[in-house]
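In what follows, chain A forms one complex with chain B and a second complex with chain C.
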Partner chain A sequence: MSAIIDENADVEKLAGLIRLAMGDEPPVAVIAAQTRFTEDLGMQSINRLMLLSLLEQECGVSLERHMTQLVELQTVGDTARFVASLTAGH
Partner chain B sequence: MNFAALLERARGHASNTLSARRMDGSDHQVSVPALLDDVEALAAKLTQAGIRPGMQIGLQAGNGYEYLLWDLAAIKLGAVIHTVPEELPPEKLAALVQQHDAALWVCENRQALPGHPYRVDLADTCTDHPLAIDPAAGRLEDQDLHTRVYSSGSSGYLKGLNISRRGTEALVSDFIAAFALDPADSHLIFLPLSNYQQRLSVYGCLWAGASIRVVRHTSVFQELGAFKPSFIVAPPAIYENIYHVHGRGQQAAQKLGAFLGGNIRFMITGMAPIRHELLRAYNELGFPLLEAYGVTETGMIAWNTPATQRIGSVGRPIHPEHVHFNEESEVVIRRPFPLTQGYFDSTGSDGAQTFLADGTIATGDIGALDDDGFLYLKGRKKEIILTSGGAKFHPEELERKLTSLNGVRHAIVLQSQRGQEVVAVLVTDEADASQASGIADEDIRALNQSIPSYMHISRKVITSTIPSIDNGMLTRNLKYDRKGVYRYFQQQIEVTQA
Partner chain C sequence: MRRPPLIVDGHCHLASSRCIPSEFFVGVARNMARKQFARERSGEAEKLGRVLELQYHDHDADRLVRKMDEAGIARTVLLAPDFTHVFKSQYSLEDMAAQHAAVRARHPGRFHVFFGVDPRWGRSGYDLFERVVDRHGFEGLKVYPPCGFSPSDERMFPLYEFCAARQLPVLLHTGPTTPTLDFSYADPYLIDAAAKHFPGVNFILAHGGVNFVEQAKLMCNYRANVYLDISGFPAAMSASGWQQHLADLFSQGINHKIIFGTDWPVFSMKDDLAAMVSGLLEETGPMRSLADSTVAAIMAGTIGKLLPSPSVATQASGIGPMFELEGEKP
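Coming up: the complex of A and B.
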């Protein structure tokens, strides 16, 4: 249960950063774990890179070595889980 | 700058550094003399293996320390680096290698060129692994040929460019002088080194003594704050994104300054049109963002500089006497040492349309000078819309007006093939899509009343699909791919109106 709550919190945090990284309101009303960056949010690769730099600041963990894997992830939930695993191992 | 003295002069800038990631994964920072020691070691290894001046060294790699070693070692030896875009897939690389007489091919991708007898793994650049070179490889006798590079052509195929040594020297010298580069400068390079512009920057920094950091584009945003460059070169999309996130709201100047590292002296943009509002916003916040203009075929043509800038223009021509306009107002360049000698691996018509018989180079861009000598670009010649009545206009003129409409994020103006009608593809937020249609109707009626009748928009296509490289609506340079946009919406564009 607590893992689910944590994941929801991570997704919510990520949703806030996505809004910031996109500069405009995203084209969907709700950003959830299954929301896809490209197909649903229309994020450009540059928006994705900005998102990851914001995420790095927010989580206090270096993502530089994982950028290749991170930019391949399709959904908000996958990204939240990946970063959570890095933070846990930090 | 001249190549004959470049490495020796760079060695004199002992306190400046170069940093980049090495193939072993380490983030490597060295003094310029230490870099040059590695260059000498590689050059000695190449000489021992049989590399001679004029031989080609194929190179396919992403940004990193070893890339620079190969480039500089080739300068030392007078060899010709034949660099291939990093993203070219192995099967296309294999086909390309067949056509070229390189002495060896250096590849980062371990899957590239399997079993090729003269393949060198980039990871072996600094190891004792012996180099095998093709003893039958020819030597290019042209003393002015510095390197061979590729740029993507308009229909997605690669165009090979023979880069001139003297053209490079002239351009780099102009850049150092116009931007007053000196040893206090530091430059972050994140665009691919396989795009020749970045190598020009490396040569300029080495000559002027500026420190260099080379990274891959994925870490650009983290590296700005970490490396604290004094100048960067980036396409408009990067500056758009940084501004949206860090350049608005309270204390925008402080936030932006912190994000950019706090040491920015100037920033250059080009490669695609940039919003004038964005240029103004950066400059008002105290960060000189300067639009520049050039094409690889001839090199940089005009630039705004820290000393002379006019927003909306691409600056004054670097050498006004080189810049001419033909009867279609196309910018054509006649200069003693263009950056490129000509194409290789390109269709005949491409070369003849660009490198004209009279020695001028046609840019394909329509432009004009103002009374003070600043150059303004109006669009691409090939994108001109020719109406059924014989009138001509640039889609960008209309697109600028359309993107200023409320809720319109992108506007691409095209012409239908069937009825020769002007069609506007408008990208709006999905949330607004149901209303956008009505709003856009009113706005377009008003817009049509304010423009000549031959420009009237006959039809609109409303979409929430944002143009991207993946969906084929943006080029790799992040410009609208109008053919791609047309293909994507062909059905709606060609629909017969009831």
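Coming up: the complex of A and C.
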């Protein structure tokens, strides 16, 4: 149960960063675990770059070490889980 | 989905920051940032350029080969443009040649390499190109005019003469690129003088199906030795979308001149190789009304015909350049 609550919190936090990364683009109403960056959110390369930069800044993710995995992640949930797994590892 | 018997990507790059200088990435990032912020924000382009550059760490092409396998791409032409004349680079042209040779050795039978030398290197550039063809078996010349020269600049002619003798194709960038380079040399018509002078050399207009399409189409239709590739197609600026844009291109009687290419990793964050290939080949896609033989030619056959036969490419030269090379004069 607590794992689900944690996951929701991780998705919420990531959703906040996505909204920042989207800048002036029309805001997206619902960002859930299964939401896909390109197909559902219409994120362009610039938005993905901004998001990666925010993950480094706000979540302490080392882009030097984890870029290869990060660029393969296509959904909000997968990314939230991956970021959480890095924090858990430390 | 209709799959041709063979798929060869005619335009691709190593996703390696060793081959592309930082200034290139910073320029791309600066332009991208304008989509987000109307005014330049100090340090933003450098910050995003670094994030972009960090995605280019596939130095041995293991990731690329995985992507090719997912997409059903048998072989790929790796293009290695020479930016070292205009941008400060930690790695030399020799390093870049060695890296591409190592990639070919690591993944046998998967890669062809078209290598670039800036004509302003003169004799030393010519010698280097000859060496990489002889030593590493590289199979074409990559020209990057936005570095600041016309592709018909006579300083290119010794290289074209060498390509004629070895039956190597020449692929030149056309259209805009990073804003830190010069777009005025990116027009497909600029190849005309060289294409006329060297009828035995086949010239491929990189991105010709996407940038300056009207000029590229005319060059392909009226110059026997000019071809185009469709690399960068997911980003084609067309109100009707890239699928319709390509369907129009495929209906103009120049399909024997059109070469499939992806320009990976440039669009990899948005469109992966497998998605690009299936987008092209799906039942409702831009190739829907083409004959199987035409699809096979675009997806592999034509680039296959332009590549040198192994015996010619590795022939000992013995052919000195007819044209004068810079640095040769006293």
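Just so we're on the same page, the second predicted complex is superposed on the first by the 85 of 90 C-alpha atoms of A that agree within 3 Å, B and C clash if a C-alpha of one lies under 4 Å from a C-alpha of the other, contacts with A are read in each partner's own complex, and residues count from 1 in each chain.
Note that in this section a contact is a pair of C-beta atoms (placed from the backbone, for glycine too) under 8 Å apart; a residue touches a chain by one contact, two chains touch by 3 or more.
Keep in mind it's a predicted model, so treat the numbers as computed, not measured.
A.B. asks: On chain A, which partner's contacts cover more residues, chain B's or chain C's?
C.D. replies: Residues of chain A touched, chain B against chain C: more for B.
A.B. asks: A:L49 contacts which: chain B (first), chain C (second), both, neither?
C.D. replies: Both partners.
A.B. asks: Based on the superposed arrangement, let me know which partner A:A29 touches: chain B (first), chain C (second), both, or neither?
C.D. replies: A:A29 contacts chain B only, not chain C.
A.B. asks: Shared contact residues on chain A, chain B side and chain C side combined as an intersection?
C.D. replies: In the superposed arrangement, which is not itself an observed complex, chain A uses residues 23-24, 38, 44-47, 49-50, 52-53, 56, 63-64, 67-68, 71 for both chain B and chain C.
A.B. asks: Can you check the complex and tell me which residues of chain C touch chain A?
C.D. replies: Residues in contact with chain A: 29, 32-33, 35-37, 47-48, 51-52, 54-55, 57-58, 63, 267-270.
A.B. asks: Under the definition above, what is the set of chain A residues touching chain C in their complex?
C.D. replies: 23-24, 38, 44-50, 52-53, 56, 63-64, 67-68, 71
A.B. asks: Which bits of chain B are touching chain A when the two form their complex?
C.D. replies: Against chain A, the touching part of chain B is residues 216-222, 237-238, 240-245, 409, 429-431, 464-466, 468-470.
A.B. asks: Can you check the complex and tell me which residues of chain A touch chain B?
C.D. replies: 20-25, 27-29, 38, 42, 44-47, 49-50, 52-54, 56, 63-64, 67-68, 71
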